[in-house]
Amino acid sequence: MADVVLGEISERLGGELIGDAATRISAIGPLESATPATIAFLANPKYARHLASSRAGCVIVAPAFREAALARGAAIVTPDPYLYFAHLTQWWAERTRPARVAGVHATARIDATADVAADATIGPFAVIESGASIGAGASVGAHGFVGRDCRVGAGTRLAPRVTLLFETTLGERCIVHPGAVLGSDGFGFAPDRGHWEKIEQLGRVRVGDDVEIGANSCIDRGAAGDTVIGDGVKIDNLVQIGHNVQIGAHTAIAGCVGIAGSSTSGAHCMIGGGAGVSGHVKIADYVVVGGATQITRSIVKAGFYSGSFPFDDNASWEKNAATLRNLHALRERVKALEKKTP
Amino acid sequence: MADVVLGEISERLGGELIGDAATRISAIGPLESATPATIAFLANPKYARHLASSRAGCVIVAPAFREAALARGAAIVTPDPYLYFAHLTQWWAERTRPARVAGVHATARIDATADVAADATIGPFAVIESGASIGAGASVGAHGFVGRDCRVGAGTRLAPRVTLLFETTLGERCIVHPGAVLGSDGFGFAPDRGHWEKIEQLGRVRVGDDVEIGANSCIDRGAAGDTVIGDGVKIDNLVQIGHNVQIGAHTAIAGCVGIAGSSTSGAHCMIGGGAGVSGHVKIADYVVVGGATQITRSIVKAGFYSGSFPFDDNASWEKNAATLRNLHALRERVKALEKKTP
Amino acid sequence: MADVVLGEISERLGGELIGDAATRISAIGPLESATPATIAFLANPKYARHLASSRAGCVIVAPAFREAALARGAAIVTPDPYLYFAHLTQWWAERTRPARVAGVHATARIDATADVAADATIGPFAVIESGASIGAGASVGAHGFVGRDCRVGAGTRLAPRVTLLFETTLGERCIVHPGAVLGSDGFGFAPDRGHWEKIEQLGRVRVGDDVEIGANSCIDRGAAGDTVIGDGVKIDNLVQIGHNVQIGAHTAIAGCVGIAGSSTSGAHCMIGGGAGVSGHVKIADYVVVGGATQITRSIVKAGFYSGSFPFDDNASWEKNAATLRNLHALRERVKALEKKTP
């Protein structure tokens, strides 16, 4: 019942359709496993080898692959197939998923002073505390917690089990996935004769518009001053953002990244999975950080930075790692040899 | 009151009991801290030095340690002491923990179209959405969320606060620990003139039988096509599994591992704590990955692979790390020396 | 309305106030962005350059910075400005945040056999199981789960959505942040002809007094014997503590750290963000572990240990990493050269 015909797709999303507009499409999928009822796409030329043999009913391609695509069947030609694919998935989701139903579930507990838009959706067992506001068309999922004086902007969707602690603000059209925690205390303690004295975290978390935050990720409130996530930032699952961090607009942060307190990322950065950023580091705009790379000092220039240990079979790794522990001495030996060698 | 006598243990679990069958046992514990009421085991010969001095009332050992064990007291001799220990803990848990009570808690919210087995257990404040099914003898813990059209197989246990987003399926006899999230959106965006356009994640998460998933771990739904976790897979806490990942049967993944999108692990692999797997990587069957190792390209052959930086005192590390940043230049210097040296 | 005058601060917290005691203060903040209504502090001499230009209404400084501070306006002079700042934040939070209100929310489900102190606070939709006890002045947040026979000490605060599985005990004055899971099963399985046999985790989690545990962190119960967190330990977000780990008193563990099963950390240690500790490792007292460092063997001596790969621009990293994969061979070449060079 989710079927469409190719003509509907190109009518809706544009592109040049070459082939039978009446071809039925029931799924979007990868080239390799496509069936005649699948629409697939070729975005990365690296995968062009899959084109000829794909059984896809239609392939979305860039002009450069026009001939190759047609040699095998129908195609939609468009300058940016990956973006076309993104729009297609959005339309598909809209068509096939149940529409949001406005209203407050009978079991939700909403403080009398909270301001919930009439067309917002509040799920079962959600808790909305005093002074909080939920914008037009926004939704709070089951078991959601929106603390005192939080603000959830229009059209923002909190999945089930999202926790916003007091005074956290989220802009419009954000998506927050299950288990994410915004506004928990930053990790701040002053040493005092062998024990740690808590530094109460007096700042907030402020999140811009069109931000996505992954499952079980954490964004701590600022110590004094706020933690700030810019517009259009995308954060994957299990990411830790420390207190007073600032993330510039449209930066994407992959899974399992940790960004320590008071660090600043520029705009339009991409931080690879498992990477870490030390505290009080500044990263310029348009920086790409490779996976599992530890950024231990500031980066002042756009570019691609990496730093993970190359893996190997365990025996080779052991030998190399042991040598590495004496690397400085090895360098001194080379120096000594150089002195002796005319 | 949890006491048993040795005779009951060997009667129930087998093995050759040598010693007084009437000895009372009140705890299972490690050799080093055992008391005369403790049953301990020796699985790793590395710990054999603890045998002679252990005060354990009984020690489970392999035939090779028969004499050593008897020299100090009662023993159960069995070919695989670690497996025996596993069976013993299972029996112990069954004996000492309250039995599951079937039934739906009064506060749970179950959609009228959901199919909940008569003998399933649904905890307080659980939410079960339309079209979901909960199999025979399965349980959903307190604050559990089982989204639209999810399937939870017979005998599967969801701890408190587990979130299954729509269309997620779990096989039989699985265990999912608190805070785990299955079916959240994969991290997919197409760049469009400086902002990110969301790729709706249209696939699902499909989990096999006898799978265990740790606390606060995340498994993303597929972009198009599904994320698939094979039978018997064991996943520890705080593990991130990206969209369209496939994990082969009986693979074990330790804590804090991240596996990026579209990667494939073979069957019977072991992935060490804190390791990472880059996107679109294929790992063969029977691969062991060391802790904190980054797998950045495919592994086609079974074996043990490692790749973490050896730690050292900070001063040595600083010198070695600084030299490492010029390692390629050092190699060139060695090359030059080799040319000059006949 | 949160305003105070400087005189109130020094009266309350001590220190030598030099300047107009009637100066109004409305915020605590960093030197750089301070306004005349801000009180700031200088703890790290590295930031002394910000002192002269700061517009702060008052600066908390050590005696060494007395003159520099006064050259620009009011100051509070105290031997430990960072500790003073900590106390100031505590007082500020107490003054400006709503006081805890004792009582059980109407929607909470508390087993009849649980023992909840009369002045404890139990939030909406919290679940407290049989035999659990909640101490005087303690609080369980919204959606909290306190399992069978857990103990929550006096004055301990569980944020919303904290999960304590059965038999977990927490001392007094602890703080647990949202999403933390204590008492989930440790990761233990015995291999049996290609599949994994579960080792039921029969121990518990025992947490001392004055412990703080971050958002979405996990502490597994012991296999046999307990996982033990000492007094005054501070654990950041997304930290994984395996079964039977023991953490000595007053140790601080930063975000995204993983500590594998049966490892032991001494007292007064500091473990940097993203670090990992392998299983069965012992770490002495007063050890500092750098960020992203993998501790793969025991550390017997206090000191600062590091081990992360230095990052670089991607091209340099690729060359160095490739050379590193042949590092042992390079060393052999240096050896050969040394033999040849008199």
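Some points to look at:
By written order: A, B and C. Residues from 1 in each chain.
Simple rule for what comes next: a residue touches a chain if its C-beta (ideal position, glycine included) is under 8 Å from a C-beta of that chain, and two chains touch if they have at least 3 such contacts.
Just so it is clear, the structure is predicted and the values come from calculations on it, not from any experiment.
Taken pairwise by the contact criterion, the protein chains are fully connected, each one touching every other. Taking CA atoms, the transformation carrying chain A onto chain C includes a rotation by 120°, reported to the nearest 5.
Distance between chain centres (mean CA atoms), chain B to chain C: 25 Å.
Residue positions 125, 143, 161, 179, 216, 238, 256, 308-310, 312, 322, 324, 326-327, 330, 334, 337, 341 of chain B are each in touch with at least two other chains. Across the complex, chain B meets chain A through its residues 109, 125, 127, 143, 145, 147-148, 161, 163, 165, 179, 181, 184-185, 187-192, 194-202, 216, 218, 220, 223-225, 238, 240, 242, 256, 258, 260, 276, 278, 289-290, 293-296, 303-310, 312, 316, 319-320, 322-324, 326-327, 330, 333-334, 337, 340-341. Of all residues in chain B, only 27-30, 33, 80, 82-83, 85-87, 89-90, 92-93, 96, 98, 107, 123-125, 141-143, 159-161, 175, 177-179, 210, 212, 214-216, 232, 234, 236-238, 250, 252, 254-256, 268, 273-274, 291-292, 308-314, 317-318, 321-322, 324-328, 330-331, 334, 337-338, 341-342 touch chain C in the complex they form.
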